[in-house]
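Naming follows writing order (A, B and C), and every chain is counted from residue 1.
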Amino acid sequence: MNSIGTLSYEKPRFFTPAVWVITGLAAVGLLSLLARFIFGLGAVTNLDNQYPWGIWIAIDVACGVALAAGGFMTAFIAHIVHGKGYKSVIRPALLTATLGYTFVALGVLTDLGRYYNMWHILLPKYWSPNSALFEVGMCVASYVTVLYIEFLPIVVDRFKGKVNLPGMLKTFNGFFERLLKILDVSLKKVMTVFIIMGVVLSCMHQSSLGTLMVLASTKIHPLWQTPILPLLFLLSAFVVGFAMVIFESLIASKSFHLKPEITVLSRLARFIPILLGVYFAAQVIDMVGRNTYLYLFTGSIDSIMYWIEIIIGVAIPFIIFMFEKYRKNPTWLFTGAALVVLGVVLNRLNVYLIGYTPLYADKPYFPALTEIAVTVGFISLIILLYRFFALNFPVIEDMEN
Amino acid sequence: MGIERREFLKTLAVASGSLAGVSSLKASNKTELNPDRFGVLSDLTYCIGCRKCEWACNEANELPNQSLDSFSDTSVFENMRRPTSEKYTVVNSFANKGLDGGALNVKVQCMHCEHPPCVSACIVSALRKHPDGPVTYNASACIGCRYCIIACPFQIPTYEYEKALTPQVRKCTLCLERTIENGQLPACVEICPTEAIVFGRRKDLLELAHERIRKHPDKYIDHVYGEYEVGGTSWMYLSNQPFNEIGFPELDDKSPAELTESIQHGIFKGFSGPIMLFGLLGIIMKVMKKEEENE
Amino acid sequence: MKKLYLLLAAFLFSTTLINGQLVEPNHPKDYTMGNPQMNDYCRTCHICENPTKFNPCLEQCARHGAQFSSTHSFEAGPDIVIIDKLSKLYKPVIFSHELHASMSEMSGGCTLCHHYSEDSGEIPACDKCHKIKPDLVDLNKPSLKGSYHRQCLGCHREWSHENACQFCHEEIGSSDEVVSTYDKTDIVGVPHPLISAEEKYIYQTTYQKAPVVTFHHTDHVDLFGLKCTDCHKGDNCARCHDTAKQEEPKIESMTTCCSCHNENNCDFCHSNQEKPSFNHGVSTGFTLGHYHEDVDCNNCHRSVSNFVTPSTNCTDCHIHWDVGTFDHSIVGLTLNEYHEEEDCEWCHIDRDFRVEPTCDECHDDMSYPEDLPGIRE
């Protein structure tokens, strides 16, 4: 590891006032989660037979998967295309992806009524290959495994040559050292397969999350109801993968009092307008093909939401990232990335909740407080865990000096 | 991260081999429908809104029930009702423009689609299409994801949200146990005083429906709802009023499942898509690595 | 070539001849020879598109009385029928057949319910065809339960706007409270009460020149001898019994009136003020004297629906009037023994009884009415 950081750099402590607040939110979330498992979905959510999916699916799962796309996008750029100079963002992105997917899995588990049956998807007699959800499930399960394997080297790096178990366990120190050494060597050999597999699995389920709602096409507003929804989901995942890396790296730098990695990030940012352009072009072509542009000016909530999604998530960031001047400026870089992230979040919410109109709904869906608490709690936990790993494991290069 | 060409190929073979196991299962999941499969024809012009079908359904499915005469209460018609986890079928009432001053009553329950989106949606095959018509549910397989409710074009499956441990998806079973296994009529059909709902072979029912339209073109609108909707349904309706005015969704002749399944199968046919992507990425990786070394 | 044309002509001619006999003589009259196209009416009986005499492809038990030949009066039917073949959840139905039968007189008669009879005219029991167990093959034929309910509810629902099962049969094991709200003791086993109507109805119409139409109901019934169903065609029970509407029974005035008054001008019915009831003298110029006042219209006019102005020549109707057959005292003059045996023409010149008789033929110094051939009473 080459050290760029200043000699005077000192790792911040885990707890700061903001972290305490986040810990509080996480605690409230966990309490709500407990309530969900004791009293059931009906007690803590506003879900009903018209709206069977709420924010736990729309945000925790759909957005969670999209925003964790940074992991496979950086893996693709750095390992597969062998792009130079991306090294410093690989591990943070991997950490985000690992945490993100872990909580996607937890989110799913929370939402499932019979969570204890979740292992059924692994049992061939229950397999249902027609189901897009089955594919999502299989891919997420496999990808979480792949991510853990990809994450292992970080753990190995952390403990290699430093195993020092206290007291009685001292005798095992040698054994663990040898184990870590074997792991280190063998992981390096097979890692390529897992990296490629990670990218393939990601492409598969990122798109299938779109296929998921194609099946409900009769209930989705025409602006989002398209057979190319899987493609749009995949393209937007590509975009948000980069945006998320920028977004989270800048926050981390700020939080850990580090110099922002402008060089790497602005290099990543170059791809965003290209991908946004492709994403937008696909939407326009589809819209013209299906004549759905007619719905753009109806003034309904759906059309307004579509405009917001496109202006915030596509148009403005496209302009920002077009100019090198802005790409080199941390504030603009952050703004642009945040807008892309927001745009994709809006898109997932639009597809899964706002553009979804059940046939006989007598009242619109709005999440219950406990529902929001669980989602906020999960996000808080991700932040806390990120902070923990960043502080205790070799994730951010600049901190390891 | 050094990796030999031989090893690379080996891992590729292993990966594709493990995935082939999944692909071999692809073809087996679509139910072959029995040409003599059952269905029900509901002639709305005969329905008197007595709601006895609701009572009989509750009895047959061991759902919470009230006394028989309490179902004469027509005040429930003031609001449009939908099936719930404790009521597989409900009757709604609409103003009848055909008869002077009368009501047109519509019994709502699972339509038992021919190509059911809920079955296509189900992640663990808990919902299945029985070759004889019914769409069945196996609670012990269900993981409770509720994707079936999202997928249903008729918004029929319901869920026991109030149960913390063993919630189930609930919907009409077409009285599978009574009909196919014991040769009886579905409970609602059996009790219907005017025989507004008729149980029989789907093809016979279609014939009957078209015969009625042919004989009374002044009475019926020329549309058998469920003949073609979402690829056809087991439960079909005849009416003297346009179906979109009496709470029925206007649907395509194609099941939405056809599109998603063709997307799924198109991309994942024999897992060729993912394997090709895997191979392509491998090649890119190889080429780029060489370039890097050459520099 | 000529031969061919001849053959063709002969063939065409013969087919038209055969065509004329294609239809059974007792085929329903609505069949129009000029239009052999199948219409909805035809389809109530024929299931195929091209029925022939030899293959009429008739519907089994068609409705609309197509296969009904019974002619007995409704009084000949049973008073009460107890329907108990199906009771499972509900007690038997006590059906007041007589009441319903007499009501049906207003609308289609027996065929309103009994859509089928044997060729002998016998009406079979419902369950002869409609079995208790549903027919899974002939799905169009309702089972006994379906048949009864469709039959009864078709009308009951229209007028009562409810579907309470207890109206006809009580639930087995139910409390009596519900049942008592439907007390039927007054209708079981009685015929339909006589229907009363106003003597006249005065309508304000949209015809501006003369908006008032006076309809003398009593005249039409008593004087002109019209039956209820002549005007109240296809009226259903709900017309009178609709609990929600409480409307007078209505007829389609113009079409119904014009079906008889087809040659009259507007003024015949329309006026600016109320019209008096029918007066034979005013309307026809032939004032009915006390001899004709009480005579049935039909005696002079051929039929109620087709009033033909009869000859005003008395002997055109009274062809049997002659010496010995005519009791002259009926006109208030008893002939004395000298005149009793004389021919009518002696006094009534040319047998024209409308003009005053004359004595000139025999007596030079006598004249009518100063001198009488008998005693005036």
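The working rule: contacts are C-beta pairs under 8 Å (C-beta built on N, C-alpha and C of every residue); 3 or more make two chains touch, one makes a residue touch a chain.
Remember, it's a predicted structure, so these values are computed and weren't measured experimentally.
The chain occupying the central position, as judged from C-alpha centroids, is B. Summarising the inter-chain layout, the chain whose CA centre lies farthest from the centre of chain C is A.
Separating the CA-averaged centres of chain A and chain B is a span of 33 Å. Here the CA centre of chain A is 85 Å from the CA centre of chain C.
The centroid of the Cα atoms in chain B and the matching centroid in chain C are 56 Å apart. Partner chain B is touched in their complex by these residues of chain C: 40, 43-44, 89, 134, 136, 139-140, 142-143, 145-146, 149-150, 153, 157-158, 161-166, 171, 174, 178, 238, 242, 244-245. Partner chain C is touched in their complex by these residues of chain B: 41, 46, 48-50, 52, 68-69, 72, 74, 99-102, 185, 192-195, 198-200, 204-205, 208, 211-212, 214-218.
On the chain A side of its complex with chain B, the touching residues are 37-43, 45, 47-50, 52-53, 76, 79-82, 84, 108, 111-115, 117-118, 120-121, 124, 126-135, 137-138, 188-193, 196-197, 199-200, 203-204, 207-208, 211-219, 227, 230, 356, 358-360. Residue ranges of chain B in contact with chain A, taken from their complex: 1-3, 7-8, 11, 15, 22, 25-26, 29-30, 80, 82-85, 117, 119-126, 140-147, 149-151, 153-155, 157-167, 247, 249, 251-252, 256-257, 259-261, 263-264, 267-268, 273-274, 277-278, 281-282, 284-285, 288-289, 291-292.
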